[in-house]
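Should a chain be cited, it is by its letter among A, B and C, assigned in written order, with residues numbered from 1 in that chain.
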Amino acid sequence: MSAAILELRGLTKTFGGLTVIRDLDMTVGTGEIVSVIGPNGAGKTTLFNMISGIYQPDSGDILFDGSNIIGSTSDQIANLGVARTFQTLRVFLNMTVRENVMAATYGATKTRMWQSVLRTPAARREEAEVRELAEEKLAFFGDRLMGYRWDQPAYSLSYANRRRLEIARAMATNPRLLMLDEPAAGMNPVETHEITELIGRLREEAGYSILVIEHDMHVVEGISDRVVALDHGVKIAEGSFESVAEDPAVIEAYLGYGAARSK
Amino acid sequence: MEFFLQQTVNGLTLGSVYALIALGYTMVYGVLKFLNFAHGEVYMFGAFAGYGVLTVLGGPSALVVPVWLAITLMFVAAMTVATGIGVGLERFAYRPLRRASRLAPLISAIGASFFLQAAALLLFTANSRSYDAPTLIPIESGVTVGPIDIWAVRILVIITAVILMILLTLWVNRSRAGKAVRAVSFDTEAAAMMGVDVDRVIVITFIIGSALAGVGGVMVGLVFGRIFHLMGFIAGLKAFTAAVVGGIGSIPGAMLGGLLIGFAEAYTTSYISSTFQNLIVFGLLIVFLLVRPHGFLGRPDLAKV
Amino acid sequence: MSQIGVDRWVEESESRQQQYSGWTAPARRAFDKVRPGWRLALFLGLAALYPLLVSPSGVRIGITVLILAMLALGLNIVVGWAGLLDLGYVAFYGFGAYFYAIVSSDQLPAHWPTWVAIPVVVAATALLGALLSLPSRRLVGDYLAIMTLFFAQVFVEVVRNFSRLPGEPTDITGGPNGITGVDPWTVFGFSFNTFNRNFYLLLGLLGLLIVGLYRLNDSRTGRAWRALREDTLAAEHMTTPVNRLKMLAFAVGAAIAGLSGTIFAAVQVGVFPNNFMLVFLITVYAALILGGLGSIPGVVVGAIAVAFTPEILRNPGAAGWLFYIGLLTLLLVTLRKRPMVAAVVAGVVAFGYLLRAASLAIWGDTILGVPNDTFTGGFLDGWLLILGEHQDMASNYAFVLAIVGVLGVILTRGWWRVVALIPTIYLAVFVWENKLALQPSITRQLLFGGVLMVMMAVRPQGLLGTRRVEIT
C-alpha cells in the first residue's frame, strides 16, 4: 500500500453565493490513476484549479506528498512536482514545438541572463541538456511530434497533436503527479484509443501518478484504478469503474431520477 | 469658510465635466473591455465645434440669436462632431481589431489619439481660442447663496450634467437598448446568443459616450474660457482616473469618480498649489490601481479559466 | 505518397520559402545565403561608412537614429518579448539622461568620471524599472499601460518642478530650463566629444546589444519571456516565476533606456524636460510597430525609418519625394492591379483640371497663389490648384474631406474603390501642397499616429515581424 501522493481533506470553495466544491475528501495514491467524472458544472476543473494554485479554497487542506500546498503560487506547485494540462488547451502557439517543451524546464535550470549573453560553457551545456530533454519527451509520442516538427510553430499542429504537445510540455517539468483535464476532448475514436493507451504508458514507463478529468467513459474505463464521481461539488460515489457506473446516485446525476429508479 | 464653499462649487463644476467624460470611458470599457485612449480628443473636438458654432452665430458679443439658443446649438454641434469622430474611431480603428491581441487596440487607440491631436493642430493651430463666456453669460447673472456667488455658467453646467446623468441612468436601467448595453457589458457572447446585435450596441455606446464628452467640451469652454488642441490629453487622463476611481465599467461609478476628482483638483489647486494638481490626481490613480483596481463601485474581475 | 501523421505540406515548407517570386527575389535569396552573424557585420560595416558620406549635421541625425534603435530594442524586450504594454518607457530614458546630467555637470556640482557614472546610472535605472514592475503583479494589459503612462507624466512633472516640492529641496533638475554643460563620455582619457566619435560609440554599443539580444532570445530567459507573453497562466504552471520575469523584463528594458539616456545627454550636452514627453514615446512605439514587434532586425529597420522621416520632412524638396513616393506605394499596395493605379492617376489629374477650370470660372484668377518651391513644381502645374489668400481655410476643409474620403476608400472594393480614390488622392495632394509640405512637425505627428493605427489594422506584425496567432 503506497502512500498517498495527493490528499484532499474537507475542501470547500464558494464563488459568490454558489458553493462549487463542498467538503471534498479525496486521495491519489503513488502510481495510481484516478479519474474524476461528473456532469458539467460539478466542479471538476475548479478542483484542478485549486490544486494547481489558481484559486485558494475557502476551507480544507491540499496535501501533496504530505505537505500543504495551499497558498503556494502555481510555479512553486509545479516545481514541487504537480503538472497539469488545461481543458481549453493552452500551448504557446507562436513558439516552436521544441521551445514549448523547453520552456517548461525553467524551474529546474539555473542559467542566468549574463551567462546566456556571454555563452559560457555552463550555459551551453545546460541549453544542450534542456534541448535533449525536450526531444526525449516529445519522442514519447512516436512520430507525431518528431523531426521537422520540432521547429514548427505550435499553431501549425493539429488539435490532437496540440493536446499531445501539452502533455509533453507538462512532462518536461518532471512531475510526480500529472493532472490531465479532459485529455480526450474533441478527439475521434482512433485518437481516443491512442490517448487511452498513452495514459497507461505514462504510468508504466514514466512512473507518474495521474489524476484525470474525463467525460468519455471508454477512456475512463480503460485507464482507471479508481473513479471518483462528483455532482454539484459533492462526491457522490467512489470506487472501481464498474461499481461507480452502476451506482444509482451517479446514474441519477447523469440521466435523471427516472433512469436511476428503472435500473 | 466661504473660500471652502467657493472651492466646493468649483469642484462640483469640474466634477460634472469629468463625470461626463468619464462616462464615455467607462461605458466603452464595460462593453468592449477596452480603454479608448482617444476619448479625450473627442471631447476636445467637441469644444472646438462649439466654438465654431459660436463664431458662426456672430461671436459672444454680437449673437444673431438669443443666448439660450446659441448655447443649445453649440451643444448640438459638439455632440454631432464628437459622435462622428467617436463612431468613426469605432468603425475604422477599433472594430477591425476586435479579434486581435490585447495590445493591438491599445496601440491603435494611442495612434488615433496622436493623429487627432495633430489634426486639431493642423485645423486650429496651436493658438488657444476663447469662448469669452463672461460676455456670453454675464457673471452678474448668477445667484448668491449665502456667502458665495455662483456664476450662471456654473449653474448651467452642473444642472445640464445632472440632467444628462439622470437621463442616462434611466435609459440604461429602463429601456430595451439600455438593457442590451448592460447585457453586453456583462457577457458579450451570451448576449449575442440571446439575439442582441452586439455591433449595434457597441456603436450606440460610442455614440452616447462621445456625445457626453462633446457636451463636456463645450462646458469647459464656457466655464474656463480657453480651449486648445492639447486639452483633450490632460482632461482625458483625469477623466480616466475618475472612471477608475469610481469603478471602471460602472456608470454610477464614473459619476462618483468624476465628482471626487473634481473636488480633489479644486481643493488641491486652491489649498496646496496649482503646480501639483496634476501630480496629486495622478498619484491618486496610481494608489487606486495598486490598492483597489476595481474602484469604489466596480466589481472585481472574475475570469473563468 | 501520403502517410498518416506526416505532414508533407509542412515538411516542404522550407523548400517552398526558397521559391521567392517577384522582383525582390534575387535580393532575398542572396540575403538568405548570408548567415545571421555576417548579416550583422554587413549592417555594421555599412553603417560605419555613413559618417564618411555625410555632413556633421547628417552624423547628428545618424546619432538620433542609433539612439532610437537602442531604445526600440530595449522596449522590444518589454513589449515584444514579455508582452507588457509599458507606456512609461520614456521615463526610464529621461531618468538615465537626468541622472547622468546631474552627476556630470556643474549642477551639483559633480563631475563623476564616466566609468563610475555609467554603471551607477544604468544600475539605478534598472532598479527603477524593477520598482515600476511591481504593480504588474496585479495589473494586466490596459491597467498596466495606464499606470506606466501616468508614471511617465509624473516623472516629467517632478523633474520640471523639483525645487517646488514640499520641503523646498535644492534644484537638482534645473526646472523647466533643464541642465546644460553635460560632460561627454571619457574613457581612458579619450573623450567622446565629437559627433563622429559618439556615432561610432553608439554603433559599437548597438552591435553588442544586438548580439546580446539574439543570444538572450534563444536562451532560458528569452523563452520564459515569450512564454509569458503567449499565455501567462500556462507559463506559470510550467514553472516560470512570472512576477520575477516581469520584473526582469522591466529592469533590463529600463537599463537599456538608461544607457541610451546617458549618451543622449552627453551628445546634446544638456537635458530638458521637453525631451521626454509622450511625443517621443510615440516615436519609439512607431519604430517598434512599423519594424515588427519581437523582431530584432525589424526594430532596427523601423527605428531607421522613423528617425529619418522627420529629417526628410524638414527639407521641402525631400519631403515632396517622400510624400509622392509614399502615395504611389500606397496606391500600388491597395489596388494591386496596375491598370487600376494608372486609372487613378489619370483620374486625379483629370479631376484636377476640371476643378481648376471650374474654380477659375467661378472666382477668377485672383484666388491663385504662388506654388511652393518643391521639386514637384513642374509636374503639378496646370492641374493642381494652389490658392492664395484662402489657402488655409480651403486646406482645412480639404483635410477633413480627405479623411472622409479615406474612410470611403476603406469601405469600397474594386472599381468603386478607384472612384473613391480619385477625389481623395486629389484632396491629399491639395492639402500637402497648400499646407502640410511646410509644416513638418504636424505631418510627422499625423504620420506616426496614422502608422500606429494602420499597421495594427493591416499588418500587425510590422515590416519584418512574423504573423502571430492569438488566442481570441
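Heads up, the rule we're going with is that contacts are C-beta pairs under 8 Å (C-beta built on N, C-alpha and C of every residue); 3 or more make two chains touch, one makes a residue touch a chain.
This structure is a prediction, so every number in the text was calculated from the model and none was measured.
Trainee: Farthest from chain A by Cα centre, which chain is it? Let me know.
Mentor: Centroid comparison gives B as the farthest chain from chain A.
Trainee: Identify the chain whose mean C-alpha position lies nearest to the mean of all protein C-alpha atoms shown.
Mentor: C
Trainee: Just the number, please: Cα centre separation of chain A and chain C in whole Å.
Mentor: 44
Trainee: When the C-alpha atoms of chain B and chain C are each averaged to a single point, how far apart are the two points in Å?
Mentor: 30
Trainee: Please report how many Å separate the Cα centroid of chain A from that of chain B, as a whole number.
Mentor: 48
Trainee: At least two other chains touched by the same residue of chain C: list those residues.
Mentor: Residue numbers touching two or more other chains: 233, 468, 470.
Trainee: Could you list the positions in chain B whose residues touch two or more of the other chains?
Mentor: In chain B, the residues touching two or more other chains are 305.
Trainee: Which residues belonging to chain A are in contact with no fewer than two other chains?
Mentor: Residues 54, 86 of chain A each touch two or more of the other chains.
Trainee: Report the residues of chain B in contact with chain C in the complex, numbered from low to high.
Mentor: 29, 34-35, 88, 91-93, 96-97, 99-108, 110-119, 121-123, 233, 237, 240, 244, 273, 275-276, 278-279, 282-283, 285-286, 289-290, 293, 305
Trainee: Which residues, counting only chain C, touch chain A once they are in their complex?
Mentor: 5-7, 10-11, 14, 212, 215-216, 219-224, 226-227, 230-231, 233-242, 248, 252, 466, 468-471
Trainee: With touch defined as at the start, can you tell me which chain A residues reach chain C in the complex?
Mentor: 52, 54, 73-75, 78-79, 83-84, 86, 90-95, 99, 102-109, 111, 113, 116-117, 119, 123, 126-127, 130, 142-144, 148-149, 152-153, 155-156, 169-170, 172-173
Trainee: Inside the complex, what are the residues of chain C that reach chain B?
Mentor: Interface residues on the chain C side: 79, 83, 85, 87, 135, 138-139, 141-143, 145-147, 149-151, 153-154, 157-158, 161, 164-165, 233, 278, 282, 285, 289, 293, 396, 399-400, 403, 407, 410, 435-436, 439, 442, 445-446, 448-453, 456-457, 460, 468, 470, 472.
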